[in-house]
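Next, two complexes with chain A in common: one pairs it with chain B, the other with chain C.
Showing the complex of A and B:
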């Protein structure tokens, strides 16, 4: 950790579905401009953590503190306006809106909205502004998802499996974009399976298994950690996603 | 001559039917439910016009403006009351049907108590104008004035939906309310407002329904709901522009039936639904998979 003030602090966050503890006392701190990888096998609780922090799920216990303000259990739109934004594993753009409108609608509640063309340019979609969503490739839809997150002038973005299904060229392009966003001071929590991609954008990781934290620290150390290796290579019982 | 009369009259009435139906489609877009009390909201609009004219001699044109804010607020409050319950329900569609069926019955019963069972009507003289003469035929004043009122109302609605910032948020919420919330949109508030606008459009149609239907009575709601449902299915569920076109086509078909086979004309809404379901279930303007 650096000496800069903590941007987001997650304290002992627990999420329960019925009798299933999908997330168990997970804690995390992130500073402005920092990027942390969030890894774990399928069902380890990565997306549950993202959904809980973003207000889509209500936590059973624990706290989410953004810049010193407790936002635990706030509604999703309030959390988004406060500065926490996200992308989705499977992008779901507003299909009846154009590319431009998709970004425009996200910028409406930004305190300091950037011009839409500028936001689109940051994800290399400027020339598609007036296109319908149906004309975008999967990779372009993922970048549009990023543009929508950016349009709200976020302090932190949860990037949920952005790399899945991208070609090596597209992966490199997206990794460069994420590094650029960090340079602008945006913190990022990158949920990812592809270690090669993760190495390009984060230095440290938090590893989840069955909803629990099993490792936090440098990515290179995680790859050498015995428990991490056992979970990834030896299999485990899943606890919901 | 009769054919021209049916076509022109059908277009005039069709514009009214577009206004009559679009509110049902708006409520569907806001909450993904069929408002079985739609016809009853229209009926309440009719009683509002009747009461305002009888008591204060207020013109139906002014009544159309008066009912808008009242019904927007009523619809918004109702939405805020039911939406959280529907969201928690295991079968929200079924619950909404039961809920709105109940609401329809309550409105009908209360209207009977307050206004009596007899049909109430307004004199055509309450509209200060004369029949429209076109192609050698005269069209009743209420036909063309209702169309003349409906056109700006529908235009304002479309401008709101497709040209305003709130309209953009409405379309985002209709497309995906979770994604909209993550984009910083207060989806509950926006869909509540849109729901209220659906009620307002219905009430505006109700004001003119007193003339077009020859009066207003507590039992007219269900039949109006069926007609409006036929039109929105024909035009495509969730697509307001589809409803506008479908309303005009319905008006023409209805008038043609009135002119040539009058005793069969009341079957037009049902025939329209069946024909749409058999040939193009997604409606005129729908995609194969409906995206409201």
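Showing the complex of A and C:
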């Protein structure tokens, strides 16, 4: 352990699939309670970065350091218990379990379980506790992913396209929810395409293109950056780079 | 709609009731049924085999019903159980009931050795277990191991034969397997296994040590098959390796479990008793049409009750309940 105030440090993370370098020497630092946007066109490596940090993929090189401890290549459940969690672009609830039971699974395996009632209230799913998953909307299922993560008392959550497909009212509700989590000291890396939504939640962003970092800094500066504009608007092909 | 505190209370009261009454009924009914059946139907060996299949179907239930892993090579544990118990009886003069328990331990140990198979998924896992069990059969039946396993000539347990004791042990195994399934179903362990079955990676991000939890289910399932094989060997008295390392044992146990409905306590029991009865009735009355009729039964099952009899029953009950709600 070190005295570093940095919560999570990603150092030169590289992930390779066969001959394809899906992620190339990506680095990132995040402090407790901070929120960073992770943006980039489809195929730019956003979800690969999340999957690599969360233990689904083993990196070819680079390190993931949580509170000074190297957790590179650890198994997903160890990473989750250590304090890193995530939601999924396509929600992944346990379909045969109720909403309550979904959160209970996390609670059972948490080192420091949060009360299930409180967790469900934090994502506005309290009244759906005994409902089957089939009765939840896609937006509610995404919030259930978030609830399962919260039950493990995470230090940082990767929020993968939580806003996709939401109505403007739901977007505002979700943004407020994420800000509350920040207030509780939970750091967040928000993977998102919707800039309007990101503006409500994060101040800085990391922009990926073809697995490489092309910009890090304030969100408003990213929107003015020439390379970012070219990647998003200029029709650059990620597959070819 | 109940509040969460109420749900907790309901669930805790509900689970307490289920933990006691539900498993007790699910265990006692078949146990008493088997105990009485011998007074109605005198073919004790057939009833012993039926009880063994109930236990095997429940073993498949723990593995497939709660983790989603289909163990086509389940017969490997069965065969190892038969051999381990037979050998400790013959070589060390162990009492048969203790030998049955040791057979279960043998099954579990082989389960632990085959743990790397969990690196495979879906059909690859099913085929992997099949290949592993065939490999075990080849080793056990190998003539060069005749001094240890008696090679291809099998084991002769005639000196230990006791049909009544074997039948009683088979009934006890039925009870053990149903209690095991009831425990798994009603426990946090069962909840975890269901989460793994739905999505292993998602479960691991919920903090679940997926390989370890699967391993526990695999061990319980393998131990049940090991004890079932031990009782089979003891009740059959003389057996050859191909009789206990027979892939059709796995197929039947899987079909029985699926027919009744996996993931439930009652399903595999009902499935095994009904289908094994049909299996024998057709085999005795119309042996020439046996494959045709049995195949047709399985096709009908897949077409009209893919979730088994209990799934079909739940579907009908749900329809009736929603119709009643509409009428109200």
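The criterion applied here is as follows: the second predicted complex is superposed on the first by the 234 of 241 C-alpha atoms of A that agree within 3 Å, B and C clash if a C-alpha of one lies under 4 Å from a C-alpha of the other, contacts with A are read in each partner's own complex, and residues count from 1 in each chain.
Criterion: contacts are C-beta pairs under 8 Å (C-beta built on N, C-alpha and C of every residue); 3 or more make two chains touch, one makes a residue touch a chain.
All values derive from a computational prediction rather than experimental measurement.
Engineer: Superposed on chain A, are chain B and chain C clashing or fitting side by side?
Structural biologist: After superposition on chain A, chain B vs chain C: clash.
Engineer: May I ask you to decide whether A:100 touches chain B, chain C, both, or neither, giving the answer as first, second, both or neither?
Structural biologist: Touch partner of A:100: chain C, not chain B.
Engineer: For A:184, select first, second, both or neither according to whether it touches chain B, chain C, the two together, or no partner.
Structural biologist: In the superposition, A:184 contacts neither chain B nor chain C.
Engineer: What is the contact status of A:86 with respect to chain B (first) and chain C (second): first, second, both, or neither?
Structural biologist: both
Engineer: A:120 in the overlay: touching chain B, chain C, both, or neither? Say first, second, both or neither.
Structural biologist: Touch partner of A:120: chain C, not chain B.
Engineer: Let me test your reading of the model: by the given contact rule, A:129 touches which partner, first (chain B), second (chain C), both or neither?
Structural biologist: The second partner, chain C, only.
Engineer: Tell me which touches more residues of chain A here: chain C or chain B.
Structural biologist: Of the two chains, more chain A residues are contacted by C.
Engineer: Under the contact definition given at the top, report the residues of chain A touching chain B in one complex and chain C in the other.
Structural biologist: In the superposed arrangement, which is not itself an observed complex, chain A uses residues 54-56, 75-77, 80-81, 85-86, 88, 92-97, 101, 104-106, 108-110, 148, 151-152 for both chain B and chain C.
Engineer: What part of chain C is in contact with chain A in the complex they form?
Structural biologist: 1-2, 4-5, 7-8, 11, 188, 191-192, 194-195, 197-199, 201-210, 263
Engineer: State the interface residues of chain B toward chain A in the complex, per the touch definition above.
Structural biologist: Within the complex, chain B contacts chain A at residues 165, 168-169, 171-172, 174-176, 178-187, 291.
Engineer: Where on chain A does chain B make contact in their complex?
Structural biologist: 54-56, 75-77, 80-81, 85-86, 88, 92-97, 101, 104-106, 108-110, 148, 151-152
Engineer: Report the residues of chain A in contact with chain C in the complex, numbered from low to high.
Structural biologist: Touching chain C from chain A are residues 54-56, 75-77, 80-81, 85-86, 88, 92-97, 100-102, 104-106, 108-110, 116-117, 120, 126-127, 129-130, 148-149, 151-152.
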